[in-house]
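Letters A, B, C and D mark the chains as written, and numbering starts fresh at 1 in each.
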Amino acid sequence: MYLAKIYVTYKPSILDPQGVVIKSALERLEYQGIEDVSQGKYFQVKLTGADKAAVAKEVESLVEELLINHNTETYTYDLEEI
Amino acid sequence: MSTQQTNPMANEPSPDMIAEKRIYADWGLTDHEYDLIVDHLGRRPNYTEAGIFSGMWSEHCSYKKSKPALRKFWSKNERVLQGPGEGAGILDIGDGQAVVFKAESHNHPSFVEPYEGAATGVGGILRDIFSMGAQPIAVLDSLRFGQLDNAKTRQIVDGVIAGIAGYGNAIGIPNLGGEIAFDESYAGNPLVNVMSVGLVNQNEMKVGQAKGSGNTIIYVGAKTGRDGINGASFASAEFSSTEESDRSAVQVGDPFLEKLVMDATIDAIKKYGKSIIGIQDMGAAGLLSSSSEMASKAGTGIELNLDLVPQREAALTPYELMLSESQERMLLVVQKGEEQPVIDLFEKAGLDAVAVGTVTDDGRYRLNFHGETVADVDIDFLTNAPEPKLAQEEPARLKEASASQYQPNVADANQVLLDLLAQPTIASKASLFRHFDSQVRADTVVKPGGDAGVTRIRGTKKALAMTTDVNSRYAYLNPFVGGQMAVTEAASNLVTTGALPIGMTDCLNFGSPDNPEVYYELHQSVEGITDMAKRLNTPVISGNVSLYNETDNKAILPTAMVGMVGLIADNKNITRAEFQNDGDQVYLVGTIGDTFNGSEIQKMQTGEIAGQLADFDVDAAQANQDFVLQAIDAGLVTSAHDLSEGGLGVALAEATFPNDFGLQADFAGTTAQLFAEVPGRFVLSVPSKQATAFEQKMTETKAVVAKLGQVTKDTVIAIQTKDGQVTVDQKAAKASYQNAIPQLMAE
Amino acid sequence: MKAAVITFPGSNCDMDMYHALESFDVDVDLLDDQASDLSAYDAIFIPGGFSYGDYLRSGAVAKFSPAMDAVKVAAENGQLVVGICNGFQILTEAGLLPGQLLVNEQPGFICDEVNLVVENPDSNFTNTMSKGDVLKVPIAHGEGNYVTDEVTLKELEDNHQVIFRYQENVNGSMNKIAGITNKAGNVYGMMPHPERAVDALTGNDSGRAFFESLLHAVDQKARA
Amino acid sequence: MYLAKIYVTYKPSILDPQGVVIKSALERLEYQGIEDVSQGKYFQVKLTGADKAAVAKEVESLVEELLINHNTETYTYDLEEI
């Protein structure tokens, strides 16, 4: 079995309203030196497959088909056998 | 890893260990109760059995301490089709239709986890409504928080509002009203009361009863997990702020799943109503209380095979399965042999629907797990917790209270009005309730922001008005009169829309009943509510009790929330709180005296509330309400608003806000009396050309009605009094009213 | 006119749309997300709500239903396709309309009435209105913040695909966009809810003009 | 400057309705061998501080104070200098 950890973030050109709100909340809480905050999504998918290469292909396909919206989001992922 | 399933119960303490280590006491059972159980069983209960007794004998499930008070409620009249004791109460509204409603508290979960606590509160009350076969048509809420100058309180407010929104909006039931008030006593113990109203055809009503030996128990909805295990006994215990970090798993709601469960349940009743003998939702103490109560009400027995219960996590024990408070689950009793179409319907909606047991005729509650019987107890014994006899004592503060009324300082009356409008309890809550969808279903006639929410009933000329109310400061000064006033205020809010109040529900939020003074408050509140309910012919058809609302032994103010529903026979007379036309004549219905104890102005100017609550003339309040209804019915009234916190001054200002009018008025009382508080008083506006007809009506009523002045186009609120005047810019007043909460929340 | 309203698991404004259409004497069918043939309908409505709980992203899961395949065919055939609120989100996720609806600039669900300004009065949805007309229409959403890339935005403007703008930008949408069509003009999405404003009893019937335009467009097409 | 990558997930006993819906969507899309899906949050916080140890402390503090809900969520994070 494999575990894919998928990190989805907004493209740099997109203003992330949640990040903005969190940043200003941190400032109100008097955290110093916060330069930037962005909020993305973190998926963990457990799946089986023939081998790591095949699973990697599957992961990329499902992320691009379902997990991200190409207008605004990009992603990276890690894959490990568990 | 071996595939052999190990018994998850292997590590549970033995019956002897439970006794020796008094594990039952951690779950809230007293030694006396434990001994009764041992006596009854003739042996020591095992872990599962001890667990189910602790759940069923918790105050939350058994009402063992509040029952003596609840028995005083009046709950029968010609409309009542279902009184207390079921998922929700039901009232006849004619044409073969009925209205179903109930209120519920989710106080403790909302303190621990504001978002999920409030969200699952909405989920739970909705299930109570559709378990009766009704389509939910509205949600209301009643919220109490500490003062907004506290960051933790603001966080709780944010979480609770987002939770109500997150769940209610997704499921698509509009929020038609509510109330929010702030008082220090709720800082460590916020109150989240939610109410739901549903509509049912009388021939499709259902109850939660497991009738008919041999019939099948079907589990429907979400899978069971380890969330909120034994939440019922948790809700029945006091909080201590030092234990705050000791948090048990909370329930997480899934409104999407609830919507599927709701739609499928209503659909199943419409299609297979004859096969469905009983339905109950799994609320507090989950599978345990729903199954045992259904059997107890029907006088039957139950046998469940726990291996069949849909499970989301591995190795759940019988104790966990029975006491889990996983959300979005229902229990159905279906006629033997007629299960399949019902199961198919739920499965088609993508939901688990599994036969998990049978109704028996032996009065036993029997649980089987991994081929073993893990509990076998008498249902009557299980579902009838022994009622302890508790002492009542009139609180010392009531005995000592001064009879004289607070005299407010109104030297700068203009500023007093502006300041009152900005008091959090009075100020507009729109910045909070705008997060709730109030219009989905497209039936909303009067949205939150007025006196009561109104929804039409499609296909008829009828409409329903609804509201939640209580002023716990009045109850603190006099719980009996406070109870009368809460009912009066709720009815007043309905009457202003043109609705005839027809019935009520309640949520009794109090401190520890083991404190004789608190127990006294509980009883007195109930008696006050009942007294007024009888006078107004608004029976109490459902309700909920939440006790132990204390932090570090300090109780909240006594808060007996009243939720009331009114019937509008013809939607053409639906009236709003705000002035509609410039030039309309303004009248005051009811008299106003020096009633300042317990008022917002007393709190604002002295920082506390004190003294005796002034006498409350219930007959006058009732006469005023009758008059308002008659005048609206006669088509003479363009707006109607009742007086509540902040009194006449605030009510008049509020009436000018939505449509930006001004007001020119002459008030026969003193300037101070502009801010006196007493429920059951009204401000009406009447078109000039109806004034004669209206004034004719004034002569035919016992109510005291006086002309105040008229609505003006220029936006100034000008009120002349016997000893002074108030002149404020309407825009400034409105800004004060609208900006107060957003400003406090932004700190 | 013959119309279909498609209900996805989690839709909750389906009946509102159904009743609104009925009030214009439209012949309406209520279909579920398994519907595979929509050729019989002049107009297809994708209602508001929380399809699949709006989990992952609003509209992201609903786009894979058989009904959405059928909607694509209908869109290519030139039938009218209207997505309101969650329907708009589904249409963008499905690629039938450009862009995406993000979390409101000030995060949180808002239920209110807002003024919409008619930007393009020649569309199938505004042909009874004039440019600059203002309609007060209910909104109820947490994710209505319209974003797209610069190129697409320019295209939308140049092709007059922006139909309504908010008078005040309630949710942070680019160019205050409240409703857009595809290039062909037959697929339309908007966040506000005209179907909640068709009956004076509820205090607002300003949504009627939207339906009247749509009926007019269908009528014109039938005549042509 | 430092970049903290923060991964927030639900505690195991907490219902993850999003994960359930995504898993069943993937199954409908005929992805094979999907055993489990969970959705969490992924924050990126850029911040300055005296040194890595100090920044790490700050990150832990802000995550625990604001970013996670202790009742339902847990987290891990990576910290790198950028």
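As a working rule, contacts are C-beta pairs under 8 Å (C-beta built on N, C-alpha and C of every residue); 3 or more make two chains touch, one makes a residue touch a chain.
No experiment lies behind these values; they were computed from the predicted model shown.
J.: Between C-D and B-C, which chain pair is linked by the larger number of C-beta contacts?
T.: The comparison resolves to B-C.
J.: Using CA atom averages as chain centres, what separation in Å is found between subunit B and subunit C?
T.: Roughly 36 Å separates the two chain centres.
J.: Which whole number of Å gives the spacing of the CA centres of subunit A and subunit D?
T.: 9
J.: Roughly how far is subunit A from subunit B, centre to centre by C-alpha average, rounded to an integer in Å?
T.: About 41 Å, centre to centre.
J.: Of all the residues in subunit D, which ones touch at least 2 other chains?
T.: Only 17, 21-22, 25, 29, 39 qualify.
J.: Please output the residue numbers of subunit B that touch at least 2 other chains, ranges allowed.
T.: Where subunit B meets two or more other chains at a single residue, that happens at 254, 256-257, 350.
J.: At which residue positions does subunit C touch at least two other chains?
T.: 52-53, 55-56, 61, 64
J.: Answer with line, ring, star, complete or other to describe the graph linking chains that touch.
T.: other
J.: Of all residues in subunit D, which touch subunit B in the complex?
T.: Result: residues 11-15, 17, 20-21, 24, 69-72 of subunit D touch subunit B.
J.: Give every residue of subunit B touching subunit D within the complex, in rising order.
T.: Per the stated touch rule, the residues are 112-113, 115-116, 222, 225-227, 247, 249-252, 254, 256-257, 312-313, 326-327, 350.
J.: Using the touch rule from the top, collect the residues of subunit B that touch subunit C in their complex.
T.: Touch list, subunit B to subunit C: 162, 165-166, 169-172, 254-257, 259-260, 349-350, 434-447, 456, 458, 571, 574.
J.: So in the complex, which bits of subunit C are touching subunit D?
T.: 52-53, 55-56, 61, 64
J.: Going by the contact rule at the top, pick out the subunit D residues touching subunit A in the complex.
T.: Contacts found on subunit D: 1, 5, 7-9, 22, 25-26, 29, 31-49, 58, 61-62, 65-67.
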